[in-house]
C-alpha cells in the first residue's frame, strides 16, 4: 500500500452538515411514506395499522379532478410563461444599454423575491370585482358589471404566470447568454432576415433553456399554494390546497400524506414525460 | 430600403412587447401601492382620498409585529446555517470525489422540484412524531432545507470562477490545506458567499407554503401572519405591508445588482 | 549588475561550491507511472535532473509533460515508482512540504493581494519574521526589476510584469527546484523573446535547478541545457539541444524538432555505424541507428531540413526532379513548396510535398508555380528511420 498524500482535506467537515440536512429531507419523506401506509384514527395524530386504504381514497372524484386540474393548470401556466418570458429574456441578454439591462433584470427578477402571499394578495387587488382592472374598465365605459376574475381558473393562471415568470426569464436568459452572437450574424450574412435568423439559429440553440424553464415553471406551479387557495377561493381545487385541507383542517395526516405522494409522483412523472418528449428539440441545442 | 423598414418595425414592436410584459410584471406592485394609500377600507379605484393610516395599522398590528420578529429570527438562523452547510457542500461538490456524491446532491437539490407543501407536511409529521412540532427548530430546519439549493448553486458558480491553480500555487508556496482555505479560497469566494447569503435570506424571509405547515400560533412567520390576515380581513392593511415588502426587496436587489452584479450571480450575463 | 548580496538560491548549488564531486541529483524519478482511470498518462519513467540544470520537457499536448511536472510538484500522486527531490524521498510528501517553486501558464497570481503580498506569501506560510519578509520580498522584486510596483494589484500589471511577479514569488522561498509550466505562452511574440533571455539569465545567476514545460521547440532549443522530448506518455529522447536537433533518435523526434522534410527512400546496406540509402536514384550515407533491424531493400524515410535542400535547374544530374507548387514569403526568407516526382521509387506514394528554404527574395521572380526544378540533396546531415507502423 502506497502512503497517500491527503487529497481531500476537510472532507468530513464539508460534507457532514450536508449529510445531516439530507437526512432530514429523507426522514421527512419517509415520515410521509409511513403515514400514507397507515390507517387514520379520527381525533388523533397517531396512526393505526398498516393499510392501503389511503391510496384507495385518492380515487374519489374530487381528488381525481384535483389531480387532473393541477396538471392542466401547471401545463397551461408553464406554456404561457414560456411565451411571455422569452421576449424579456431575449431583450435582457441582447440589449446593449447597461442601464436598460439593469432595469429589465431588477424588474423581471424582483417578483421572484416577493413571497407568494404578497403577490397573491396584490393580484386580488388587481382582479377583484371592485379591483383595479374592473374599476378601470367600468370607468371608460367598456363594461357595466364587473368581469368575474376571482375564483376562476383564468384568474389563477394569470397570477401563476406572474409568479413563475422570473424563474423562466432567468433560465432562458442563462441559455441565451451562452449562445455566441456570431451564429446569428453568420446566419444574417448568409441572407437570413432577423426573424429567420432567430427561428433557424437562436431558437433551436436555446432549446435546452426552454426545456429547463418549462419544467421548472411546471414544478413551481405545482408547488403553489397561496395563489390557488386565495384567488381560486376553493372553486379551483388543486393538489396543494387539498393536502392543506386534509392535513391542517381535518388533521387527516395519512390521507394528506398519500395525496402528497401521489402529487409528487404525478409532478415528477409529468416532468419526466416533458423532458422525454422534448429530447429531440433539446438535442438541437448541441452541447 | 424595404428590409431596413421591416427591421425597424420589428425592433419597435419588439420593444413595445417587452415594455408591455414588464408593465404586466409591475402592475400588481403599482396597484397595491395605490390601494395602500387609499383612505377607504374597501377597495376602490382611483382612490378618492389618500392617507397613510393603513401603514400605521400594519406597523402596530400585533400578529404582524410578532410575525416580523419571528421571521427575522428564523431568517437569520436559516440563512446563516444554509450558508455554512451550502458552502462546505459546494466546495466538496466542486473539488472532491466521494462516495454517494450524486445521491447526496440529488437529495439536497430535490426541494427545487418537490412541492413545498410536501416538504412542509413531511417535516410536520416528522416533528409531530418526535414531539417537536410547533417549535422554532422545525421552522428553521424547514427553511434551511428550502433555501439550501440556492446557496449551493450560488457558491458553486462562484467556485467555478476561481482558478484552481491559485490553490495549487499557494500549496507549492508552503500553505497547508487550512491556510489555503482561509487565505485563498474563502477570500476569493467572499462575493459569492455574500450573494448566496442574501439569496437565502430573501427567500427564507418570503417562504410561505412550507412554513404554513410547520409554524404554530407562537412561531408564525410574517408571510403566514399575512395569509391569516387576508383570510379574515379585506381592508388595505395588507396592501401597506406589501408595499413595505416590495420596497425593501427592490432596494436590496438594486444594491445586490450594483455591488455584486446580479447578472453574474444568476448566470445570465452574455458570454462574449 | 547585482551588487547587493541576493541570496535566492539553495545554498548547496552555487556554481563551483558544490561540497562533493557528485551531489545528489536535484530531482530523480525512479520508474514513475501515472494513470487516469484506464488511460496511462505517463508510462514508466526514469529521469534525473542535475543540480543547477535547466531541463526542458518538450512535446505536443497530451504527451505527459504536464503530468510529469504535476508529479514533481506533488499535485498528483504517482501510481508506481518513487520521486526524490534533492536526495530526499518525496513520493508521498504533499506539495506544501516539497519546497518547490512553480510558475503557471496564467501565473496564478492571487488577485486579492498586492504584488508584495503575493511575493511574500510563501514566506508568511513559513512563519518568517515581518522584517525579513520585507527584505527578501524587496530583493526578489529587485531581481525581476519590479521594485516600484510592490503595492500594485496584479490586475494592474501587464502580462510581462505579471510573469515577473510569479517568478519572484516562486524564487523567494529558495526552492529546491523551479518548475515552469508553459510560462511564455500567454505573452505576445516580441515580449516572449525578451522574457526568455531574462529568465535564462536569472536562472544562470542563481544556479537554481529548473524544469521547464513547453510545446514550443524553439523555446526548448534556445533555453535548455538538456531537452526531454516526450510523446504519448513516454520519453523519446534526452539530450542537449544540439543532440536532439541534429541526431534525433526516432521518427517522432525527427519530425517534431524543427521544420523537416520526409523523403521516401530504400535501404541499400548497413555497415557498422553507417547505412546507405537511395532516394530515387541518389545514393546517400546516413547514421545506421534505427535502420539496423531493417533488411536491405526495405522502404525507409529520410529526413532533411528545408534549409539543407538546394535549388538546381531541372534535369541537372544528381538532383531530384520536382515542380514548384507555391512560394511563401516569410520576410527574411522564402519557403518554396515543391511536389517531388518519385514515380521511379517503388512503393513510394506518387509524389511528396517538400519545402525548400531560400534566403533572399530572388526565387519569387524566377520560380513561378509550375516551374520544373531539380533539388540537390546534401551529402551530410541526413537521418533515416523505418516508416511508421
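Letters are used for the chains, namely A, B and C, taken in the order the chains are written, and counting of residues starts over at 1 for each.
The definition used in the following text is that a contact is a pair of C-beta atoms (placed from the backbone, for glycine too) under 8 Å apart; a residue touches a chain by one contact, two chains touch by 3 or more.
The chain lineup, named per UniProt: A = Putrescine transport system permease protein PotH; B = 2-aminoethylphosphonate transport system permease protein PhnV; C = Spermidine/putrescine import ATP-binding protein PotA.
Note that the coordinates shown come from a computational prediction; the quantities given were computed from them, not determined experimentally.
Asker: Farthest chain from subunit C, going by mean C-alpha coordinates, please.
Answerer: Comparing chain centres, A lies farthest from subunit C.
Asker: Just the chain pair, please, that has the highest number of C-beta contacts.
Answerer: A-B
Asker: Quick check: how many Å separate the C-alpha centres of subunit A and subunit B?
Answerer: The separation of the two C-alpha centroids amounts to 15 Å.
Asker: Using the average of all C-alpha atoms in each chain as its centre, how far is it in Å between subunit B and subunit C?
Answerer: Comparing mean C-alpha positions, subunit C is 54 Å from subunit B.
Asker: Could you check subunit A for residues that touch two or more other chains and list them?
Answerer: Touching at least two other chains: 6-7.
Asker: Touching at least two other chains at once: which residues of subunit B meet that condition?
Answerer: Residue numbers touching two or more other chains: 177.
Asker: Two or more other chains touching the same residue: where does that happen in subunit C?
Answerer: Touching at least two other chains: 74, 94.
Asker: In the complex, go through subunit B and note every residue touching subunit A.
Answerer: 3, 6-7, 10, 14-15, 17-18, 21-22, 24-29, 31-32, 34-35, 42-46, 84-86, 88-89, 91-92, 95-96, 98, 104, 107-108, 110-119, 121-126, 128-129, 141, 144-145, 148, 177-178, 181, 202-203, 205-209, 212-213, 223, 226-227, 230-231, 238-239, 241-242, 245-246, 249-250, 252-254, 257, 262-263, 266-272
Asker: In their shared complex, at which residues does subunit C touch subunit B?
Answerer: 73-75, 94-102, 104, 106, 108, 110-112, 121-122, 125-126, 169-170, 173, 179
Asker: Show me the residue ranges of subunit A that touch subunit B in the complex, using the header's touch definition.
Answerer: Where subunit A meets subunit B, its residues are 6-11, 13-15, 17-22, 24-29, 31-32, 35, 45, 84, 87-89, 91-94, 101-102, 104-111, 113-126, 128, 130-132, 135-136, 139, 162, 165, 170, 173-174, 176-178, 180-182, 193-195, 216, 219, 222-226, 230, 239-240, 243-244, 247-248, 253, 256-257, 260-261, 263-264, 267-268, 271.
Asker: Mind listing the subunit B positions that touch subunit C in their complex?
Answerer: 163, 165-166, 168-177, 179, 183-184, 187-188
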